Amino acid sequence: MMATQVLETTALKTGISGLPFNRNSIYRAEMVDTIPGINPIYKLRNTNLKVRNLNVSIKKNQILKNVNLEIPDRKITCIIGPSGCGKSTLLKTFNRLNDDVEDISITGEIRVDGVNIFDKDTEITSIRKKMGLLSQRPCPLPMSIFDNIAYGCKLHGIFKKKALKEIVERQLKGVGLWEEVKDRLHEPAVKLSIGQQQRLCLARGLAVEPEFILADEATSALDPISSKLIEDLFIKLKKDYAIVLVTHTLRQALRIADHVVFMYLGEVIEEGPAEDVFNNPKHELTRKYLEGAFS
Amino acid sequence: MSKYKFLEEKIAKVLMVVATLLVLAFVGNILYTIVHKGLPSLTWEMVSKIPEGGYYNGGGGGVLNAIVGSLYIVAGSTFLGLLISIPVVFYLNVYLTKKSRFAYAARLAFDVLFGIPSIVYGAFAFSIMIYFGMKTSLGGGILVLTLLIIPIFIRSMDEVAKHLPKELLDASYSLGATKLETIGVVIRQIAPGIATATLLSIGRAIGDAAGVMFTAGFTDSIPTSLGQPAATLPLSVFFQLSSPSADVQNRAYASALILTLIVLVISLTGRFITAHFSKNKV
Amino acid sequence: MASFSLNRILKDKVAESSMFLLTTLSVVLVVLIGIGLYVKSIPIIEQKSLLELITSTTWQPSQGEFGFLPFIAGTLWVTGLAILIALPIALLTALFLSEHSKPWVKKFVFPALDILAGLPSVIYGVWGTLLIVPWISEKLAPHFVEYSTGYTTLAGGIVLGVMILPLLVSLFCEIFGAVPRELRDASLSLGATKWQTSKHILLRKTAPGILAAVILAVSRAFGETIAVLMVCGNIPQLPHSLFDSCYPLPALIANNYGEMLSVPMYESALMLAAFLLFIVVFFFNAVSRVVLYRIERKFR
């Protein structure tokens, strides 16, 4: 199924609009899956997210200072740092959820697959579709379990019952919920336990075929068993997605991170592969944080 | 599909803006109409004289009877209302805990009282007055309006008092104060709330017609005792409007303008107080 | 020293008891009003059955005929119209203010709403008489009926609708504001537009609150007296079209309090009208407040 084909892709399929559609431009894409009756789904081979000179201020307080980052594909990147250092703001800026915050000022650029998300021509909803967001508190939509997952699909044009059923089943199986809920798909999602709700939110986010999974302290509201389930899911998913996880427990990062970004007071102090940062931190502050001097 | 989603978004946005503009248009139109019709007939005579004989058929005079009548009634009922409501709000917030069932029931009762239309209060008060042999009078008007504004007072002050930081009360208790003595502290904290509640109630009371209809009666003179009937501005507007004479009708508009101006001033003062005081809140 | 503190504690206790008394009295007031009005209406209920009173359409007090149906119908019509007009406008405005507009818009729309809310009802009546009634009579009615004075059910509905707009908008804004940010974020991050989020997620979540708010507004509209009285025509008939005059319950009471002592049973009939109003308003208010409290608690 994973045939590597060098193909032409249309703006609709890859979700990038505003990109100059040139018949001579070819993007490396691989056919990830097909659902009968629907167009095959392609995914860009190496997706990436590059942050350049990002500065974010809210009401004259600077939250992020000159952030320069590159999020690697197919890896779990953990953003660590003491509370209040801007990690959540950074994450929310990736999918432009910060746009409506009062008195916010954002300068710099974030390029997703080469397209600057702050460009006037960039279409927000297609950027957001690429980024799945998992919040700290599980947030099921006020609908049934089935509809929660189907909601995203319907937003992007999939209405056929058969297709929706297939997608719902596939996603629920993917997060390990299928057995637990297959008999009550049409019950309200709020009836699930918190751990189940969080997994449902993950399934919901995956149903729209994102490229990134952004998780903002996604396990801090859960019990240890559910947390472990989510972490295992991340490990399983990283081979297909770029996962960015904000975490304030160092232990979690130690457990699952491939790539680490350490932030302090709105600045990126250090970033790199996990072994490097954890075993040989270059910066004084990083060393202090790792030793537990402050959190 | 995506083009429909953006079309829908655009249409929705247009509809929403239209709705909001419509609301603004209503406000503007009402104010404009009143000013436009009332201003030409607004003379010094209107506010300084009581109606002379034949006023309602075109004779001379003004609406001083109504202005003063309204003022008396509103002053009386505001005073009584405060007297009754402040202790109740204290009781609910300082003496009772948040979880108290009595407090919940009481608040529910006050919400219901808040929703009772003034005509029902009027009918009720009228029955009481007949029972006690009272005639339509200033006293009757004060009675009704007090009933009307007590729930308003209690609700708005309660809203403010509910948010009293517990630490404030604790600080007072730990100095050995009884609950009664703590009230001094509480008053200072919710003083702006009391002020806005008062203005809110005054605004509501002065504009009421249905309640005072049966109870305060109407008269062309200024009442000199609680037992005499009193005129009120809303009723004055109403009666003048029903006159066949176009002159009198114009004076009705002028009276309406006077009433509107009074209410606007009260409302603005209320906003000013809230804005001014919320800077200094704990 | 000891007597000094006893004195203070005594004062405290006395104060507490008196406040308790005052509070209880205020609560009991609700019951008192209900009972008082009921007692006053007993004479007429004894003479004719309640059912007959509510379903008869003849209103001739001097001949002892007290059919309340026209008034009940009038109240229902006018209130129904008011909701029909005000609900969509209020919903759209509230959505706009809380979700789809820049923050500064709120800063000057809210004061405008406050002004609207604070205007005495007689002012609305004047506006209605000056603007709405002629508009209906000259511009609107000719398309539909032969002749209309303009003092119609429609006029009452429009004026009442504008009166309940501020209440609805502020309640809606409060309800929308109570929905946690994460819910909207969750929808947006799936790629929904703001409007899709409002339509599919926000409205669904707030549906019970919206219903409660509408019930509250209805109960406010039921009791509105003077503004409607001035524009509705005050003819005791069953309105067959929007352009017929009508005679809502509050207007009935207000217009006839003068005569009620002269005709037998009249006073009792009017008190019954007041009692009916009281009961309806009581229930609507109580029910919707309970619903709104529950919703508020869920979000805390």
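Going in written order, the chains are labelled A, B and C, and every chain counts its residues from 1.
As a convention for this text, contacts are C-beta pairs under 8 Å (C-beta built on N, C-alpha and C of every residue); 3 or more make two chains touch, one makes a residue touch a chain.
This is a predicted model, so every value here is computed, not measured.
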- Message: If I count C-beta pairs in contact for every pair of chains, which pair wins?
- Response: B-C
- Identifier of the chain whose CA centre is least distant from the whole-structure CA centre: C
- Item | For subunit A paired with subunit C, centre-to-centre distance based on mean C-alpha positions, whole Å | 48
- Message: Nearest whole angstrom, what separates the Cα centre of subunit B from the Cα centre of subunit C?
- Response: 16
- Item | Centroid spacing, where centroids are CA-atom means, of subunit A and subunit B in whole angstrom | 54
- Message: Could you pull out the residues of subunit A that touch at least 2 other chains?
- Response: 155-156
- Query: Which residue numbers or ranges of subunit B touch two or more of the other chains?
  - Reply: 5
- Query: Residues of subunit C that touch two or more other chains: which are they?
  - Reply: 193, 196
- Query: For subunit C, which residues count as touching subunit A in their complex?
  - Reply: 103, 180, 182-183, 185-193, 196, 200-201, 204-205
- Task: Can you check the complex and tell me which residues of subunit A touch subunit C?
- Result: 92, 95, 97, 102, 125-126, 128-129, 131-133, 135, 137, 139, 141-143, 151-152, 155-156, 201, 204-205, 208, 214
- Please give the residue numbers of subunit B that touch subunit C in the complex, ascending. 5-6, 8-9, 12-13, 15-20, 22-24, 26-27, 29-31, 33-34, 37, 84, 87-88, 90-92, 95, 105-106, 108-124, 126-128, 147, 150, 154, 178-181, 203-204, 206-210, 213-214, 234, 237-238, 241, 252-253, 256, 259-260, 263-264, 266-267, 271
- Note on the structure: The subunit C residues in contact with subunit B across the complex are 8-9, 11-12, 15-16, 18-20, 22-23, 26-27, 29-30, 33, 36-37, 40, 88-93, 95-97, 100-101, 105, 109, 111-116, 118-127, 129-131, 162, 165, 169, 193-196, 198-199, 216, 219-220, 222-226, 230, 250, 253-254, 257, 270-271, 274, 277-278, 281-282, 284-286, 289-290
